[in-house]
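Per-chain residue numbering starts at 1, and chain names A, B, C, D, E and F are given in the order in which the chains are listed.
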C-alpha cells in the first residue's frame, strides 16, 4: 500500500532536541526508521587540548544541562581515583544529595515531557510545577538553577548548612506528597495505559544484547544500576534498583516514576547520614595514566574514559552517555509501531541528544 | 407525436448501430454518432412535453412488434448460449437453455392473447431515465470518439475494432430507451437481455484474457438475473394474466405477487451490481473507459434500479420493501468501506457506483413518495457526475498512464484543466448545494423511520465523504506553482466533460424546480430545500466562492514557501536532507487501512452479509 | 482518570502557582551566581581570572591596566571569582540584563605599583 | 424574511461569542493547570495578529480552501439561527470540513497530509453520530427543522439522554479536544506538529481560527437544543457541557485513530441504538 | 595507572567479541585514542554484572578494522563515531554513515587524530 | 468601524500574541528546559499570549538556544526563512549568543548571529526563565520599533 516518508526532526515540537529520524510509514505503521545525528555535536571532548583538567569540569558539566552535576561527578571521581585523592566524607554525601536531586528533577522533567507526548498537557504542567521546587533547592544551595557546578577535583565548591538542610527536607516532603498524588494517574489511568502498555516492547535479553542502560534496561526487568558500584557515599546508603518487568513504555515510565520517589528517600538518607567536616581537599599533581569511571545518570549508566599524560592537559576524555547506549534499542523498537506512538517510544528511552553527541 | 418520438428513441440507435458497422469510415462514423446523440437528446427533450403518455405501436416497418420481439428473444438467448459454449461456461449454457425452454413454454402454452393494452408507457420516471440515457449516454459516446482513437493507437491494433465498439455503444442506448419506455413485461425482458449482451460485448471488447474472464462473469451474473426475471414474469402472468406493467403496479401490493416481485427485485439487484453481485461491475473496469462510464452512469446498472423503482409501488409497505431497503443500505455502507481501501481510481468509482445504487435501492425500499423522489433525483445526479468522473479518469489515464489515485497527486500541474474539472466533479458528488448531496439528504430524511437503514446510511455517507475528499484533496496537492503547461485536448474530449459538469451544476442550482418536477403534484411532499433555503445557500456559498477565488488569485502573488519538513533543509525540490546528508525524497501516500479493509477478506464477509440480506428479502416475500 | 480529575479540580480551586513575573519579582537567592563585576580599583591585573576561566572570555592587559570580559560568552561559573587573589572580582546575584546588540564589559584601572605575581596575558584570538 | 434576518445576526455575532468562548476555554484550562492563563480576548489578538502577518503560501489553492471553510462554517451557523433543517446545517458544515481537509492536502508536506487523512477519519467517526442524533431529534419533534425543537414542551434531554452523550463524543472530536485531538491539536506537541493546520499560515490561519469559532458556536447551538424550553436551561446545559469538555480534555491523553474509530463507532452506535429503539418502541 | 586489558589483534577481535556475546556480556562501548600520528588504539569494553572487561587493539593508520556491529548491533553507533573522529574504517558496518554521522563537509575531518591537532601552549 | 481602528488593533495584537518556535541548535539542554519551564505554571508565559507553537510557519519569534554547528546552521537558516514577517529572533544563553564554552570546539560555528540576524541577546548559562520573559518583552519592543520605523520610512 501507499508508503510515506517523513522527516521527524531536527526541529520537531515533540522533540525538545534536534535529532532526526527518517521514517517510512505505511498506513501509519512505521516500517523503517533511520536516525541521523550531528545537530548537537560540538566536539567538546576535543577541548581537552586547550582547556586544563580543572576547566574541563565546567565543560563536561555542559555536556548536558539536565544531568550536568552527575557528569561532573563522574569526571572528577575518575580524576580523583587517577590522582589518588581522598575526598572528605562530607563531600561524598553532598555529592549523593545533589546527584539525587538532579535525578528527581530530571525524572520529573521527563514525566512531564512524556505526558506531553501522549497529549496530556495538564499532567505535563503538574510535573513541571513540582519540579520547580527542586530547581529552587538547586538555586538556593548552589547558586544556579540548572548548571549547578558544585564539583571540583578534590571535592565540592559549596556546602549546605543546617537551616538549608531542614528547608530541603521540608520541601522534599512537599514534593513527595505532590508526586504521590500522581501515582494512580501514572500507574492506573486508563488512557495512559492504553497509550503506553505494550508499546515499544524490549525484552530483557534484547535489552542486554542491544546494550540498553538505565531505566530502559530496568524497565525490561534487569536490575542493574551503577549505584550498586557504591561510588561516592552509596556504600553506606540503602539502595535497591527499581525494576519493572514488561519492557514496554509503560514499564519504563513506572521505573522512572518510582525512582523519583526513591531518590527523594536517598536524599533524605544522605542528609541524615551526612558527617561534618571539610568538603574539599587540595589537589596536587597532574593526572597521568588512564582510568574509567562509571556512575548512574538519570538515564542510565555514564562511562568516562580519562587518559592523562602528566601535563595539565589531558590526552583524551571519552564520554559514553546512557542515551548513546539507548539509541540502538530505540532503533530496534521503532519499526512496527504506529506513527502516533513514535513520540512515546522515542521519549520512553528519555533521549538526551546533547549527551549523546557531546 | 409520442409514437414518432418512441420510434426515434428506440429504433434510430439500432439503425445508427447498423450504420456504424457498415460504414467503416472514421469521419462518417463520428458524424453518425454525433448526429444520433443530437437527435436522441432532442427527442428526449421533446418527450418532456408529452409525458405522461401511452402508446401501443402495432408494427414497426411493417413487422408486428410483438412478433419481432418474440423472435429476437430467442435469438438473444441463442447468442447467450453461444457465448456460454464458446467460453466453456456451463452455468451460462445452463441458464440460456433454461430460459430458452421456459420462454418457449411460456410463449406457446401460457400466453393467451389478452385484451389490448399500451405496450409503451411514459411517466416521470421513464422520462427521467430517457433524458439521462440520451443526454449523458450521447455525451459519453461523443467523448469516446477521440478516446477510442487514442486507445487503439496505444494498443497498436492492426484492424480497427471501433465500428463494432460504437455500434454496440449506440445500440445500448436504444436498448435502454426501450427498456425504460416499455410497458409490456415481455418487451421488458427482451430489452433487459439485450443490455446484458451489449455489456458483455463491451466488457470483452479488448479481448485480453482478463477482459474475457470478466465479461463472462458479467454474462453469467446477468443471465442469472435474466432467468429470475423470466420466472418472475411467468409467475406474475400466471397470477394476474396480464403483461401490462402499469396494470400490475397500480393494483397495489398483493401478497400473492410478492415472491415473483422479489424475483424481479433480484434481477434488478444483479443488474445494478448490488452486493454480492458487485464483482461483475468491478470486473467491467477492464473495458475501455467509455464503456465503464456508460455502464456506470446512464445505462446498465440504472436498468436494475429502474426495475425496482418501477415495481416499488407494487410492494410498498411489505416486508419485501424493507428487505430491499436493508439490502440497499447494506450495499451502500459496505461498498463505501471497500472504496476506502482502494487506490485504483476506477475501482473507487466502481465501488462508489455500487454504493450509490445501493442508496437508490434503499430509497426504493423505503418506498414512500419522498423516498422514490429521492431515488429518481439520485439517478439524475449520479449519472451526470459519475459519467463525468469516469471520463475524467479515462482522459487522465491516457495522459499519465495510470489510474492509480496516488499517481494523480499534484495532477494540477500536469493537467490543470482536467484536474479542476475532476475536483469539481467530486465536490458535486459530496457537497451541498449540489444535487447528489441534496438527494442523499432527501433519502436520509425519508428513511428516518427505519432504524437499521438510517444507521447504515449515516455510516455510509460519512465514509463516502472520506474517500472522495481524499481523492480530491491530493489532486490539488502541489508544492509550488511551477510552470504549468497549458493542457491541449480535442474539443470532443473537452466538450462532454464541460457539458456534464455544467449540467450537474445547473441542475443543482435549479434544484427546487427539478425537485418539484420529479416529485410531481401531490400532498405532503414539502421540498426540504425550498427556494428560500437554496437561495440563501447559493448566495452565501456563491459569494464565498467568489471571495475564495479572489483570495486564491491574490495568493498567487504571495511569497511562496516550501512545505514544513521539521526544518530539514531542502536542496532539491521534493526532498530533504536526511541521514548522511543525503537527499531523501518526500514520498506521500494515503492510508488505505490495509489492516482493516482488505479487499479480499472484507469482500468475502460483505458477500456473505449481502447474501443473507437477499435471502431475507426473498424469504420475507414468502 | 478519576484521580486526574481530582488533581485538576484541586488545581482549579487552589491558589494558582503562577508568579506574575515582571510585576512580581522574587528576590534572588543570596548566593546566586550572576553577572560579573570587577572592583577595578582593587584589581592588580594579574590575569589569574583570565587563565582559569573555562570559557576564556576574560582578557586582561596588565600593561594597559584593562580588564575585559565578554559577558555573552561567560557561563557564570564563578571560577574566576574563586581564582582572584585579591577578591576584587564579584558576581551579582542576577544575570546580566538582555541586550539588543553585542555588549562587552570593558574596565580600565590604574596599574598597581608592584604586581604580586607575574601574570601571563592570554590574548583572545 | 425574519429567518433571513436571524441568520445574518447569527453570522455576525457568532464569531464574537465563539472567540470569547475560546478565550474562556483557555483561561479555564490554565486554571486547571494552576496557571493564570491569557486574557479573555486573547483569541482576538491571535486572529488579528495572524491577519496582519505576511502572506506566504505553498499553494494558492490553500487560500481558496481556507475561505471556503470559513464561509461554510458561517453559513451553517446562519442556517442554525434561521431555524432551518438540521440535516442541511450538518451538511453545510461538512462543506467546511471537506475544504479544510482539501486545504491540508494541498501541500505536499507529510504532516498536513497525515493530518488531513486523520481529519477524514475523524469525520467518519463523528458524522454518523451527529446524523443519528439529528434523527433522534426528528423522532421527538416529527420534523428535521430546528424551530420544531422550540415547539416542544419538555427538554429533549429527558428523552434523548444517551444521544446527548453520543453528541458529546462528536463535540469532543469537533472541538479538537483530548482524547480526540488526533488530526490537529491546539498546541503543537504532537507527532504531526499541528496536523491539518501545519501549512496554513498568516491570514489563512486567521480565517481558520475564525471558522473554528463559528464551529464552536454551531456545536454549542446543537447542545442548547437539548434544553430548548428555557433560556436559563439552555445556558446552563451549554455551560455544563463545555465545562465537561474542558475537564475531559485535561484528564485524558490523546488517543490513536484506530482506538477512536473503534470506540466511537461502537459505543456511539450502541448508545444511540438503545436510545432510538426506545424511541421507536414508544 | 593503567586499565587491565586483554590484548587483541585485528583477526581475533571479532572472535573474542562473539565469545563475549555467548557469555551474555553487555556491550558497553568502544573508546578510541590516538596514540601518535600513525596509530590509534581501540578499547572494547564489555560489562557483566558490573564487572568490566576490556580488549585493547592497536591499529596502524589506514588499516581497516572488522566491524563488530553484526555481532552487537549496538556497536554501529560508536563505530560510526570513531570513523568520524579518527578516520578508522570499519568493514561490515550494519548501518554505515560514511564518516558523516556528526560531521558535515565544512567541519574539520577526523578532528581527533594527532596529526590534525594544533596544540595550544603546554604547561 | 474605521479602517485605522482595525489597523491599530492589529498592530497591538502583534505585541499581544507572540507565538514562538524554539529551535535547539545544539544546546546542552540547560537553556531548553528553561524555555520549557517558561510555559509551566510558575512562569506561565501564556499570560502574555505566548504559545509555543512549534511550527515556524505560525511563529512570530524564533528562540534559539545553543551553539550553531555546521549541520544545524542550515536548519536554522531554513526555519528562519520559513517564518512569515514580521519576526524576531532571540539568541538564548551563552551558547546562543556567542558559542559559550564551546566556542573553540571544532564543530562549532559560534553564536546564532553568525547565521541569521539576532534581535535580542539573552545572556546566562543557563538562561533563567525570568530572563527569557525579559527577552521576549524586549523583543516585542524591538518589533514595535521596527514596525514604526518601517511605516515612517514608507510614509516618506
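Going forward, a contact is a pair of C-beta atoms (placed from the backbone, for glycine too) under 8 Å apart; a residue touches a chain by one contact, two chains touch by 3 or more.
Source: prediction; values computed, not measured.
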{"item": "Any chain that touches chain F and chain D", "value": "A, B, C"}
{"item": "Chain-chain pair with the highest tally of contacting C-beta pairs", "value": "B-D"}
{"item": "Taking each chain's C-alpha mean as its centre, the one farthest from chain D", "value": "E"}
{"item": "Chain located farthest away, centre of chain F as origin (C-alpha)", "value": "B"}
{"item": "Centre-of-Cα separation between chain F and chain A, whole angstrom", "value": "28"}
{"item": "Separation of mean Cα positions, chain E and chain B [Å, integer]", "value": "69"}
{"item": "Whole-Å separation of chain centres (CA-atom averages), chain A against chain E", "value": "25"}
{"item": "Inter-chain centre distance, chain B versus chain F - centres from mean C-alpha coordinates, in Å", "value": "59"}
{"item": "Sequence positions of chain A contacting 2 or more other chains", "value": "4-8, 10-13, 28, 34, 38, 41, 43, 46, 50, 58-59, 62, 120, 122, 125-126, 129, 132, 144, 147, 189, 191"}
{"item": "Shared interface positions of chain D, touching two or more other chains", "value": "32-36, 54-56, 110-111, 113, 187-189, 193, 198-199, 201, 250-252"}
{"item": "Shared-contact residues (touching 2 or more other chains) in chain F", "value": "23, 40-42, 44, 47, 52-57, 69, 71, 75, 79, 84, 100-101, 104, 106-107, 125, 128"}
{"item": "Chains touching one another, given as label pairs in label order", "value": "A-B, A-C, A-D, A-E, A-F, B-D, B-E, B-F, C-D, C-F, D-F, E-F"}
{"item": "Chain B contact footprint on chain A (complex, rising order)", "value": "1-12, 20, 22, 24, 26-29, 34-36"}
{"item": "Parts of chain E lying in touch with chain F, wherever the complex brings them together", "value": "102-108, 111"}
{"item": "Complex contact set, residues of chain D against chain F", "value": "26, 30, 33-39, 42, 44-56, 187-189, 193-194, 197-202, 205"}
{"item": "Complex contact set, residues of chain D against chain C", "value": "28, 31-36, 247, 250-252"}
{"item": "Parts of chain D lying in touch with chain A, wherever the complex brings them together", "value": "29, 32-35, 110-111, 113-114, 178-179, 181-182, 185, 187-193, 250-259"}
